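So that you can tell them apart, the chains are marked A, B, C, D and E in the order they are listed, and the count of residues begins at 1 in each.
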Amino acid sequence: MRGPGFLESIEAACPGAVVGSQLEAIDPWIEIAPARIADVCQWLKTAGEPRFDALQCITAVDWFEPDPKKAAKVTWQPHLEMVYHLWSTPARASLVLKVKLPRWSGDVAGHLPELPSVTGVWRTADWHEREVYDLSGVMFTGHPDLRRILCPEDWVGYPLRKDYEMPLDYHGIRGR
Amino acid sequence: MSNLIDDDPRIIEFDVRTDEMLVNMGPQHPSTHGVLRLVLRTDGEIVSETEPHIGYLHRCAEKIGENVSPRQWIPYTDRLDYLAAMNMNLGWALTVEKLMRHEVGEKARHLRVLIAELNRVASHLVGMGAYGLDLGTFSPFLYAFREREKILDLFEEACGARLTYSYLTVGGATADLPPGWLQKCEAFLDQFEPIIKEYHALLTTNAIFVKRTAGIGVLSRDMAIDYGCSGPVLRGSGVDQDMRRDGESIYTGMYDGYAFEVAVQKDGRYPRDHTYPSVPKEAVLGDCWHRFFVRMLEVVQSMDLIRQAIDRYAACREPLGEPLKLAEKLPVGDAYLETEAPKGQMGFYIIGNGTSIPWRVRARSSSFSNLSVTHELCRGCLIADVPAIVGSLDIVMGEIDR
Amino acid sequence: MTGMLAMDISSLTDTVVPALATNFFPTPMLAALPLAAVNWHSVLFLLFAGLACGFAVGVVAADNVVRMALYLVFSLGATAGLFFLAGAEFIGAMQLMIYVGGTLVLLVFGVMLTAQAPLVSIKPSSSDRTLAAVAGASLLALLLTAAFSVDAWMAPGTEVVPAPSATPLGMALIGVRVDTPPPGSPAGGRVGYMLPFEIVSVHLLVVLVGAAYLARAKRRKTPRAIDAVASAMPVEPVTAAPVAAAAPGRTAGGAKSALVGGGR
Amino acid sequence: MADFLIGLGLPGWLAWSIAALVSAVLLLNVIAGGALVFIWAERKIAARIQDRLGPTRTGGRFGWLQSLADGIKLLAKEDLMPEGADGLLFRLAPYVSFCASFCAFIALPFAFDVVGQRLNVGVFFVVAVLGLEVFGVILAGYASASKWSLFGAMREAAQVVSYEVPLGMCVVVPVMLAGTMDLVTIGEKQAGWMSNWYLFHDPFTFVIFWVYVTCAVASVNRAPFDLAEAESELVAGFHTEYSGLRWSFFFMAEYGSMFLVSALAAVLFLGGWNGPVPVAQLVGLSEGTGDSAAYFVRLLGLANLITKATLGVLLMMWIRWTLPRLRIDQVMTTCLKYCTPIAAVMFAGAMFWQLLLPGGLLPGWSRPAGEIREGWLEGPGGLPTPLPAAAASSESSGLATRSPR
Amino acid sequence: MMDFAVAPFMLPSGLPMPGCLATVPLFAANPFTEPVGVIHYLIVGAVLFTAGIACMTLKRNALGILMGIELVLNGANINFVAFSSSYLRAEGAPTLGLDGQVVALFVILLAAAEAAVALAITLNFYNNHATVDVDRADDLKG
């Protein structure tokens, strides 16, 4: 059961979860409400047809234009976007889910946006979410062991944010 | 005396009390491939818990991707999986072409198959040699590198570099193959064919190798899919998935017209297994031995693909075609593509915003997910098994830490 | 260890004609040598005895239990040398192999297993030390007076090189006494050791099985983390589940996004 | 040697002490020289197996001075000691290990009666002293104050101690066949054609030889059994913290015991100094016919034994560079479940073979009936009766030129 | 053969004066040239025996006591071998002959067995009380 019918089946299964969709893009995607991402993923993995039993990749994209001149011409509002690439092994089909998050929760700089963790659905999400937390600063609720994975434990700041400033020194090692 | 022990709440363990030891393996440990640090919680010889610490080789290549044009980022993809740089370049080039909906010519397509499969052979040779090193035998490592040197000579002639090539780029390749290269490649394949039997005799059917790998680190089918493992690690557990056949049409299109079988155990048997050694009886599907054996099958399969690519490349008359300009404008939109790199499925994700600089670049590493399975596989094994298991996953730290 | 060599030397020393030596080396060097004929057996005895007693006292004096074990190894090694010097070479080799090579390795294993930081060196208080020294000295004095009281033991040895004792010992252990009765011992009374030999072998078996049973890994009230998990590890059945859509040999059309529609 | 010095007019005891000193230094040179040659041979063989050249330039032609270069490097290297280490034990460990492997050379015969000290319990003494080497390892592991070296030391100690059992059983078979533990007599009884070697004495001894080789390789910690310095897990095991001269003592002890174990195999199973073809007998030379002939026969014997021992060492090197390493529990299972039971069964088989077919299978083989064991004749009714004193000494002295027994 | 007479030092009362022990001429002339007799072995045996007893009393570590036992057994062994050796036998004095060596052999074997059991007990003790300090082994006190 493919194509537009698939979209309806998701909406039927999880009413109110699908916020938007874009079917003409190179990789068509569906936008999911932040609070419902875990339920949709659970459904996709267990009840959906075809079963999406593998999570390929979780990416965090920081839509924020630091340069004021360009910021004026930009059409979108500054926000943080989570992109989930799923894969169905039996049906060899791919699916892209997107979730829009505020850059900072409650627009208070420093408070990380919240998002329910999908570690319960796919075990591989454990490390992927730790990397997104480490590099882009997103708090995953329900994650068993949310620590920095690539940067040192006591690193300050989230490198992949557009407005990230490289610290001048770290434990005496000069940054620039 | 015995009842005193039984009901005494203080006494929990009766065994000879060896307190749990936190033992560090790495980051500069000779057996882990590159700078990986494994913290083992051991009780005597038995490892009760393994925790990999990564990030020692983290260069934040993705941040740099947001400041350079796609063709300028090609050298960074070389440094991800430095043992199979050609496959990395190919993956990134295809992703950008997918975003720009650009089709490369026939000659470029066959050239890419030829070069990518040759690099897969080189990468698997390193994997085989290093695995022998992990299990304590030094000679296979040198046999493997002797053959790999010949492949590197071929690459050096093609693009001038031996490790980080930046040869396959967006829109084709930087330069066409020099005359006489195909004959040299064919000569290499002819003399390499019988040597595969040597590797099988040296390692695959070696009684001690089987004892050290068969039945060790068994990765079940569901756990492999659940942890996002891919490539030989996934196929070693019996999952019939290979991106060259099941991937996106832009990538499988490259292999259009190639006779090609996925090297995985279908209903209990490997394809064409009459020429390879039989599966030892202790080997369980999904253990270290099967992962190793799948890699050896893929080497033979890749050599077959290379021969077909040579004939098709020679048949193409028209010139190779120019790669895209350095500062090519990227359309608005995003594209994600997974290609079958030697270590597993290497995913690239690009978001274009109309300028020549991408808005976001993401590299999904196969070894990153393959390594995340270690703490499941190493639970309850002996210390000597940890390098055997980590070695069988064939991980490269450059790709994991990005 | 080179005790045997000394025995050959000593048995030959009395056959040498000292006069022959002097005319060949008229130089004063030879005359300067004060010792008439060094009895190598005595020199080696002094060496090994010194080692044995020195390291035995070392064992008592040392506080670090690992050092005590090391001194004990050297002391028993020197005792093996003494056995060789006394002509009991089979017992010397047995001491080296069973005692030093077996028992003490067991002891060192025991030390390694229990030598956690606080237990490695337990210092006895100084009052205990003096008490032990006094008791030891008095016991030693008592033993030595008893030893010196018998005149027969005081006389020096006759240095009769004994016949090799390995085979007679072996034969004695299976009940056939083949060694000629030593002069002066009662003629008949030589008894074979068949019964004690069998008893010791059974005894060893029982003791070692008992010791292994005593030190076995007993059942646990709360299973160790790894036992619980190891049994729960999901191991797939050997045959892979057949994949639903078996792909034809050639590469079929690429994967489609589920949203775009159109079958495989 | 001693008679020669006495002839010079030195007093007896001085002559004997110099003779003892000379033979001790000679034995030390055997180990040092052996280590020198074997280090070079190991590099060359490893290279050949791995399809490369190995050292070629040091010392001119075939890089033969490579070992000397290594030696100088080791001498120049600083002898480090980890700060948490137990000073006394750390310094003592290499010497304990080296002395154990050196002591065993005392009882090893290189040709007929060319032996440091002809012990009546030769075999037993060698196996006993081999067991002492484990103390050096345990001390090194404990004194290096690091978890990994302690792991390595414990593994090796457990392995060596448990492999002593099958090793002892394999060694007992040739002793049973020869009737004595004296290595010189064992070698002497295998004189003559190759068929007299104990290896071909009966099928059970043949199997026991291969079990001996496995246990020897394991008890010397080589090849598939080298758990102690399993680089992949323990980063060189117990001698991780050693460098410079101390490390070279462990190295020399390893090569010394490798040579020793293969020389013991040669004497026990491969006829020691008796070549496959009894050249000396064919040419008519033998012990008794004059001094220079005896000297030549012994030289030939020495050459035979050295070649056999070196072949054994080369075999160990060959195994090392081809086979991967076993896990510690697999090493233990091979010892307890394979080596020991096979050795026991073969030992029983050899015993019954000896009992039922004393003369051997082929009637042509003439084995002296009523084997003389250590001077005890088979008396009436099979009960061994002691030889009359005179006969005993003359019988054995016929063979030995000078030992008074 | 030069033999040496031993000055009688026994007092008529039979009890030797402790002070005079040091004056007993063990080696009449020079220890390097005089042959070794049984008495020298007895001295070494006595020293080892005493060291063993002192070690057993002094050490609070269970393994220290075990080592003391080993020393005591070895002291006894030396005496057995000394009496059985014909080399050390004085003129006409009877020796144990082979019996001495066989007994020493059995002592060595049984010491191995004894050490195994003792270690098993020590490990068990260590296991249950996380210490081998013997003074702490007071569980059975009333």
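What we mean here is this: contacts are C-beta pairs under 8 Å (C-beta built on N, C-alpha and C of every residue); 3 or more make two chains touch, one makes a residue touch a chain.
Treat the numbers as computed from the prediction; the structure is a model and nothing was measured.
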item	value
Higher-contact pair (C-beta pairs counted), A-C versus A-B	A-B
Chain whose mean Cα position lies farthest from chain A	E
Rounded Å distance between chain A and chain D, as computed from the means of their C-alpha atoms	68
Distance between chain centroids, defined by C-alpha means - chain A, chain B (Å)	26
Chain D, residues touching no fewer than two other chains	none
Contacts with two or more other chains, residues of chain A listed in rising order	27, 92, 94, 96
Set of chain B residues in contact with two or more other chains	11, 13-16, 223, 239, 246, 248
Chain E residues within the chain C interface of the complex	1, 3-4, 6, 9-10, 16, 18, 21, 24, 27, 30-44, 46-55, 57-64, 66-68, 70-71, 74, 77-78, 81-82, 84-95, 97-98, 100-102, 104-106, 108-117, 119-124, 126, 131-133
Contacting residues of chain D [partner chain B, same complex]	46, 49-52, 147-148, 151, 224, 226-227, 230-233, 235, 321-330
Chain D - residues contacting chain C, complex	6, 8-14, 16-17, 20, 86, 88-89, 92, 103, 106, 117-121, 124-125, 127-129, 131-132, 134-135, 138-139, 142, 150, 154, 157, 161, 164, 180-181, 373-374, 376, 383-386, 389, 392, 403-405
Of all residues in chain A, those that touch chain B in their complex	25-27, 53-57, 59, 61-62, 83, 85, 87, 89, 92, 94, 96, 122-124, 126-128, 135, 148-152, 159-160
Residue ranges of chain C touching chain D (in the complex, touch as defined)	1-2, 4-5, 8-9, 11-13, 15-16, 18, 20-25, 30, 33, 37-40, 64, 66-67, 70, 73, 77, 89-90, 92-94, 96-97, 100-102, 104-105, 108-109, 112, 115, 161, 163-164, 166-167, 171, 176, 178-180
